[in-house]
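We call the chains A, B, C and D, going by the order they appear; numbering starts again at 1 in every chain.
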């Protein structure tokens, strides 16, 4: 019972942790950004799972059904996705500039370049 | 003139002098004239407050309220006036002395020197006339900061190192303990005003009061109670006039004055007697007196010896305050005056020796009495004043302190006072003796020209040395204030 | 129009930002930004007055009542923080023109002002709103613009600092998002007040506890609370001078506001203190921040970096105030919020002046500055005195309240530690003063003696300096507002 | 059936994520990240979140991999191993993960209709939005009216990001940039050009459809903006950047990005002018439902304009970098 009730959340947590791990452990900046993306997307999955109502359909009103998924998490996540892509775009632009300035996108090289190992 | 206007004038004149000196900038004569003029005016102003203070007339001035219940305000009361009187008188004398010294020694940055000197005296006035602890604290801190550049005046690495010690100990104790004690007082008593008889409600736990007292005594680092005394020897890197006025009069006396005032008007003698910590701190002061005397004995550098002597003598005043008897307080307050005159003379002499003979160590002084007879005679008189024997005013303060100790039935302290008097004889008197009666073996050339320091300095030395003697005959100028104060 | 004040507070800079973008000419956009900031300041002053007189103001966006719509809810706390942010921003941006012209290329200036307005609007939005998800959205507006603003620094390190901050900031924001998700899941609402009403019913569940922990950690990342402060010194020391002044004075304040809002209003102080050992945690972390921050600051030779570490320490003081969690403690925090904004803005603006004239600001470079730039150095000295907490400066007032709060609650040793911390700050401030006044300029530098900073920079700096002095002696406004806010937050009202 | 789909999608997601974390080939990682986006979009679809799925597909599987690929093209696809922080990362991840797992234990069961989330605020949206707003897509109602202010914030976020990218990459120096030749703009790619010309008009048309259909089905300003931008991006890929710049001036696009936000903000202000609160559209037309309708159309238009412009700015700026990066391989 517990498994079927919560497995969704558990997988989501594993995804989040994979993303977070990448952000912290990996020195390549692009990889960090990918990790950040996965981390955020997993949070989106969590929200949408919260909004799920068993047997509910998409929250577009019609005569056919009276059970709908909860629309509020959908709205929130629409916003969050946009925030996510905005962050990604800015991060990638920063990476391009860092590459121009330091000649590398590896954290080690950058720290070494600034003389603060 | 309106008395409260006088009070304002007393606070404002030094600031005026500060600004005036800064504006005079490189014009030496103008700069010195401004200093002297303001000094004279200040003395006149403070002297005019004498009668009102004695008659218990309320002279006060409130500036502004900083926080609810905490304001910048001033009030003339007898003890404060005593301090202000001594400081303002000695400012003139010191200025005179400094003119000779600085010219004779060709010091750099003299504008900064005289300006900050005036500012320091302004702070002393603020401390002396503070109506409450907050005001006092403000001026206490500014005094530390204003004197720092004076201490490091030489600008050498050694001076800076000394200045760092100076600043760190004084700021450290004041912010670390003093401020906390003030905050505690505010919370417990709801007021910071100096009130005869104390401010604490009677039901306050003795343990809390003990803690506060300890914080106060250690927090007022300027009183140089061991173990927070290191700043005073460190400050000796300063030019001698600075050491003379600030570290014999203004700064250190500000410290013991605060302790006196806290004992008398924040705790109140009755409360003070009932606190367990008082006794412990008494012994601490006693140990401070004794140890500092012993250390002084071993110093060869003249100024260092004087510095340790100061630490020891400050201990007397703290001890007097903590005895919590009226004789003790009277002795302490009296010693503020007597020690000021005595010690400033000693420092003047040390400076004169430096300027005229370029000597700093005691072991170099053999036979100097023939070259500088006036200086060394003054040194002798002032030593007697510090030791506390006739024909000098120091006799009075030591007498009252002894009386206070007896009154408090602290017999061990009586013995200790005797002992330390002997010690002070041992570390002070050999100096003039060596100068006049050189030791065997050191040959002195048959004919020595008398060569003293420049005349303004000599006038200053003469004035303070004569003062030491006169105070034996006329202690009432000050003792009346003290009795009105207690 | 008065009823619309809450939304005008945010929407003014928010709509001004794209308009500024269209202006194109850099002088014009500067002037426009100053006017907008000034207008926002007037609005915040009116709001503060209104709140003090009439109590809480509520404003339903889109006309939909909470919890269905988003509402703005202004009590003494947000009104106070709004006032601080707009006041400091106005002074900083008024000073910006010359410094920005010197530090940024002509083509980037309009973009700078637009991003500045966006950041400003984002910060105001975070403070004004009464809806937790709306907090997230505006947090991102301010964060993204902050990253871009930091990256505008002249040195290449600015890029790396911005990236570092972006990664940590995004992790922080996502943590907050997770926490909000948990809260929504357990209560079905996003409105702060509604949450506060519904949380007690479910507060024993681990999900609420986890939500609390995630939101706390997320905010503390943004706040740069020790030991999550690593991004801050880099970001502050490499950003353009004006940006540093703005961020140091406002961004951390807003994060601190969020911390108070969540721990006290949303979760409720009783829950917050019992769910986690928050009291000791805050006090310990605060103290650690104070000591580590100050100690590291002492050894910095770059003054911007020194002051950045000093910010870490000052944040520590504010956290201690929350940790004490009495009315006086909270009041001390809120007072320090204001005073610290004043002093850090003044200091960083003065440094902007130094950087403008000398091209850098290391301890070596400011030697003898007391003579060549007396006004600028005077501002640094007074700002420093305020930082240390000298009496008669604003810094003293908040330290005093903090000490009083700790003694009042029986934490005597804490009071001693707090003052010990300010002694450490005295050490590094003293290094500044000593270098400026008591050291001779380096040989060779005398040849081209720098003049005083331009008036456009100097006047706002000195307005802030005078504010530091004024609020050191005339404290009725901050004291009364913070007292009202603290009493209200800790149960003076439902 | 639903359950199996659910498990399958989640498992695929997990496998993809782990592989992305493991691989050192950044190109593979980016492509897989795109697939990850697509998978999550499918998952959202299966959860009944059609609007979210649409958006995630456009963003997670479209824009984001596209930008990452351009970055890769400049920065190289090999990643260096750097294990020194792995322990710290594992520790953090372990603690956070454990905290999260404990938190789930007392959560309402997945899909349970009486979870608190479904009982408090949301029911009103489903029950009353038809009467109050008058459009069937509840997500659009909430997005554009009940929580319209969040959406305004969202548009501003996009605008901010566009501006940030512009300030980082688009405004280097004041010299006129040299014309950039797209590698594909060679006559040999005739097939592409023809297909491109054929495809682009329907894409733009579809964008308009999505823009205005958002009230009835999934879609709306954001998705439409993305699609619209994709049309132009495709055009530039085929015909070169300068060809696009001939059609749409860069300054114009930048101005349009601002205009979109302004439209949204001004519509909100009209609410105040009509004597109601900010973003209250009820007073915009005769009756309140018509007003709401009008308001939503207007703000969605603002969203679409800003999103499309910002996407175009970002893409153009990135491709310009790409072209320059090719010309000077190691510009440091």
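Everything that follows uses one rule, which is that a contact is a pair of C-beta atoms (placed from the backbone, for glycine too) under 8 Å apart; a residue touches a chain by one contact, two chains touch by 3 or more.
Predicted, not measured: the structure shown is a model, and the values here were computed from it.
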{"item": "Any chain in contact with subunit B as well as subunit C", "value": "none"}
{"item": "Between the pairs A-C and C-D, the one where more C-beta pairs touch", "value": "C-D"}
{"item": "Averaged-CA centre spacing for the pair subunit D and subunit B, given as whole angstrom", "value": "75"}
{"item": "Centre-of-Cα separation between subunit C and subunit A, whole angstrom", "value": "28"}
{"item": "Whole-Å gap separating subunit A and subunit B, where each centre is the average of the chain's CA atoms", "value": "70"}
{"item": "Centroid spacing, where centroids are CA-atom means, of subunit C and subunit D in whole angstrom", "value": "31"}
{"item": "Multi-partner residues of subunit A (each touching 2 or more other chains)", "value": "16, 20, 50, 72-73, 76, 79, 83, 86-87, 90, 94-95, 97, 101-102"}
{"item": "Subunit C residues counted as touching two or more neighbouring chains", "value": "133, 137, 140, 144, 147-148, 151, 178, 184-185, 190"}
{"item": "Per-residue overlap in subunit D, given as positions that touch at least 2 other chains", "value": "100, 104-105, 107, 115, 117-118, 121-122, 125, 147, 150, 153-154, 157, 160-161, 164, 168"}
{"item": "Pairs of chains satisfying the touch condition", "value": "A-C, A-D, B-C, C-D"}
{"item": "Contact footprint of subunit C on subunit A as seen in their complex", "value": "16, 20, 23, 29, 32, 36, 39-40, 43, 46-47, 50, 72-73, 76, 79-80, 83, 86-87, 90-91, 94-95, 97-98, 101-102, 110, 114"}
{"item": "Interface residues, subunit D side, partner subunit C - complex", "value": "99-100, 102-108, 115-122, 124-125, 145-150, 152-154, 156-157, 159-161, 163-164, 166-168, 171, 173-174, 254-255, 257-259, 261-262, 265-266, 268-269, 271-272, 276-282"}
{"item": "List of subunit C residues in touch with subunit B within their complex", "value": "389-392, 397, 400, 403-404, 407-408, 412, 415-416, 419-420, 422-423, 426-427, 430, 434, 437-438, 472-475, 479"}
{"item": "Residues of subunit C defined as touching subunit A within the complex", "value": "133, 136-137, 140, 144, 147-148, 151, 156-157, 159-160, 162-163, 166-167, 170-171, 174, 177-178, 181, 184-185, 190"}
{"item": "Interface residues, subunit A side, partner subunit D - complex", "value": "2, 4-22, 24-28, 30-31, 33-35, 37-38, 41, 44-45, 48-62, 67-79, 81-90, 92-97, 99-103, 105-108"}
